[in-house]
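Supplied in structure tokens, the structure appears directly below.
So that you can tell them apart, the chains are marked A, B, C and D in the order they are listed, and the count of residues begins at 1 in each.
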């Protein structure tokens, strides 16, 4: 019994407090720097929109990153188990296993995966698992200017993320798909969360997959 | 321009389309293979002796297409040399929940069975060809049906995530398979039956014209499914509506409305049922060609169009 | 009770957390959580990397950073959590310092021009040859007694300006033009005139009301990273036990919807250059309704309250509404809120200081803080706290020769050079230059009428010899005769003492993460070497190496000396007095650093030169002759770029690489412009072509163009060209637009008092092409 | 993720020796932070049978008398012991600030609502446990050298002489010995 309690399951999650986000993109660049993300690809970035009519206009931000879902479709659909889920909930891609079929990318409802054009494997945000294992926070969380990003163990009632989650209304992206995403947003703007708002869907430029 | 909400996206990361033309082509080729195999089996198992030659054509085409199809898959993979990762059938190494895994199993089993089937059909061993026909039918249907599953399990994409997708794929496979059979049969009739008697050639001709009716029926079934699909897209979620918009009057309107529906379905339908055109090889072959192009456009719109609605 | 160490460990091994009381009592709120900052772990080996504490210089905020070095290279730049200002956070620019260091287009060797100037043909030379050429020229000048024909100019590089000035004075030229950049100086002059410090530190962390005039701290502020995190904190937007604090209101006056105004409580689109009128009207409301701080005005201002109220009477909110377009009712309401909320503070940067009437405007804004008694109080408008560094003896005397460039007669109060006028003044023949040396200075791109400046720089009669010291092949370097490769900030040893936001001054050290790449040399080493080679008595002022120089500079700081001086800094990156407590109302000790020792609402010095001694609003000349179809052009800085030094950082340029012209939807509709159309922006000085970005969030009479992109030299990333290189993934560069720069169509117009450029005073017409 | 090997990492984290050490610090911290709970008492008595002869009431009285009642000179704060010769003994002395800075440097906050000073012995011991969990040997050595060793032995000696119960005599002896032995162990390791 003692052992069990000691091994209380950790479930990491990310919380984005958009009241504190300033849209500075330092998370985007921190991630590029930390994980050697090549040009043209992003693991995390901040979507910035402007909404309203002059003079009642506001800017809204939405940092996007892998949701490290509890029931990820990418994991379900990966034919070779290259995508796997760590016990602490982080969804990982095994670089030696990945065959680059890109089916996980097509499956991901958040479009946060990409093929690394240099290494030709699929990569994505994994909450800097190498840093987390060393007891550090993910690079984006560390550098966030407004401390809008909170990362931690939601199974630990004393963690900051648990406390903030307990006292604030949060939303998630596309929870209706049953993926159980683990990136929570406080005060996210509905229009920023809507991928089809504010763009001409017929004129979007798409990138080559790699 | 809608007045209620004024939203301008000032910054977003680039969108991407992971599955491209090669995948569409792969789906197309498996469709052709499955379609021709099913027709061939119907001909072989059927009681009418005159259908037998068609059986032979189908039996050759089915494995042929299926050899070409995985080439597309391999060249689409970012790590083609790791294809063997898919074949280490050990639990923990491959994921039996993934439709691609079904695909790998099917893509191994089906060409083998289709080749053996073709061998027996060509050597005239009816008993064994029937056995392999029966083995091959579920495989052929699955090999194309699974491609529908691949898409249907992409939950985030409104165009794909529907239970209709496998059925739609199988029916459209039939359509394209029949069309290809007709074309080959016409070529055979016109150029390779010079040594046959006039009656024999006429019998063959009637057979081909009869296939045209089959084609018409399959097209109707296909259109019916498409109609259902579009109707649901138009009336369900916002993403679905955006997808319908793309197909009906947006970016893919030409491919979908023009090529797939009008040239690929309506005109061939007219050609195979209108008495004057239904009776000539010329019009029938035109109809078949149009159908094949139409189905190709369909694969393209489904695969690429389905991913053209941004997800972030 | 008998337990041994072994026994205790045994208990530890088997006990559960229920027994361990240390946990139950929950002392460490965060103890079991992951830790931010200061560390970096290798992705491949899982080992911690070696951190080198240093100080950033990708903008002037000078945050604390750590360079993580492995395999002889810099892997990553991360934030330093112990830095009192930046507190473990780092903006996009700071992290992209790696790009700056490993820029594939960096100038790595001394280069000498071959063929005509500006043709782009260069020959690699040795440092020896470079030194000999430079020394020979300087010696010749000196021998001819024309030391003042040597002009040294740099963009305002706070860090190195002292040694650059020392070099010039030791050589004998007064032309050490190292004090300004063309933006932002007006504000400093206004502040000097008003309260004797050259800028303010709004204590936003503790304030309850933030009134912003033309500033965008969320994207660009001279102390951005430190500043913005405190604004967010003051807004107290997280409901958790540890953050029970009243929410500070954020009010922004800005013609453009920025990241700041877009997230503020109120955004008031204002006509550019009219902030002074609004601030005056507010002061008027506060004074005339008796909401002012009697004590502060009475004791610490040099103008009596009743007289001030009388003077301000004519600046009514209605008057301000007519000028600025901000409703009088809003002005009145905000004025009352501002006066009623204590503490409160104003923030004013670019939008205030980049106009011709900036000095007046800035004084109006400062006045608001004075009348509400928010000067140097906790949560108010505070004096900067930093350490002054000493100059080692012997100190070279300031050359007595009068120089028009260093002290232009047209700007008597500007006390230093007016940088954007330097090259035009040479052209006008007001000064003769035989040797022009620039350091990290790119007027051809970053100055108004840039193309004109380029032409002058190209003229060999005007500037016979031009040496550029820089790490990038800038537009100006392309027009030079010799380029000397400079070390970037990640390879230099320097001292910093940026103003402290926690009000306890500190010293931080910038130290090299790696040895300078190629043949680059740090500017201090270069100048010391040059001084010794030139000789003639000059070398005695440079009787040190860089390290020795820095040691000299901090000897007067006792606490630091006790802690270990430079070696302490090398180990820790920064030092501050850990026992010090923040103190406020520091002026109570010695008064303000002004002639009257008071907060000068009335400036004698301004009166002396015929300017209005009281805060006032002066309309901008160009605005008076505005035609129906003309619009104001304003420029701004992107959140991921500096004005002109980051375009070749690929991570930054990937996010922003295009300067579209932002235009109000209604204005665009009237001109038949749709989003994405190519348009031509035409001013008196010229025209540029760019894409239109039709948005709601901008004043209808204003168009805005960012000022970080559109380089025509500088490197291939800045010019959106993909290429193979061994250091980076540059072959994947995917964007094709490099943007435009608005600088060439902005005329050189200066504030007559401050001398700073009126960047935002250009009238333009815009048409679809 | 590059080069990540899940299994290896897990093995690495299972360093039981360190867990035990961290726990030990926490237990010691607990002895000085509050009176032992009944649970703890029973645990010590039965589970590891160290046969405490005192009653729990006696221990509680001893705790309060020594550590809570002011004026006994046994308040467990570092700044009262570890100070410069010319410095007056006071709470919130220089040592308090130093140790607070130490915590800040390692990203640890003290929950201010508890009202406890950062240089309370239990906070320091608990922090040491935390450092062990982070496996930061240099920090441990520094913290031992700069803080714990500077005052805890002296403090423990005083407790030992003042304590009325066997329990606190034992605890103080154990704490002192443990800290000294820890330093011996760490010194060898860190160099």
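The working rule: a contact is a pair of C-beta atoms (placed from the backbone, for glycine too) under 8 Å apart; a residue touches a chain by one contact, two chains touch by 3 or more.
Fair warning: this is a prediction, and the values are worked out from it, not measured in the lab.
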Worksheet item: Farthest from subunit B in C-alpha centre terms, which chain would that be?
Response: D
Practice prompt. If you tally contacting C-beta pairs, which comes out ahead, B-C or A-B? Let me know.
Written response: A-B
Fill in: Innermost chain, where centres are averages of C-alpha coordinates
A
Discussion item. For subunit A versus subunit B, what separation do you get between their C-alpha means, in angstrom?
Written reply: 37
Discussion item. Rounded to a whole Å, what is the gap between the Cα centroids of subunit B and subunit C?
Written reply: 63
Worksheet item: How many angstrom lie between the CA centroids of subunit A and subunit D, rounded to a whole number?
Response: 39
Worksheet item: For subunit A and subunit C, what's the span in angstrom between their mean Cα positions?
Response: 33
Worksheet item: For subunit A, which residues are shared contacts with two or more other chains?
Response: 25, 40, 48, 50, 52-53, 57, 59, 130, 133, 135, 207
Fill in: Where subunit B touches two or more other chains at once, by residue number
6, 8, 10-11, 14
Discussion item. Give the residues of subunit D touching no fewer than two other chains, as numbers and ranges.
Written reply: 1-4, 9, 134
Worksheet item: What residues on subunit C touch subunit B, complex-wise?
Response: 655, 665, 675, 694-696, 734
Practice prompt. Show which residues of subunit C lie in contact with subunit D when the two form their complex.
Written response: 1-5, 7-13, 15, 18-32, 35-38, 43-46, 81-82, 241-242, 578-579
Fill in: Contacting residues of subunit C [partner subunit A, same complex]
14-18, 26, 29-30, 32-37, 39-43, 46, 48, 76-79, 88-92, 94-96, 98, 218-219, 225, 228-229, 232-233, 235, 237-241, 257-260, 262-263, 267-269, 639-640, 650-652, 654-655, 664-666, 695-698, 700, 729-730, 732-734
Discussion item. Show me the residue ranges of subunit B that touch subunit A in the complex, using the header's touch definition.
Written reply: 5-20, 73, 76-79, 82-83, 85-86, 92-95, 97-101, 104, 150, 153-157, 238-239, 242, 245-246, 250-251, 307-312
Worksheet item: Where on subunit B is subunit C touching in the complex?
Response: 6, 8, 10-11, 14
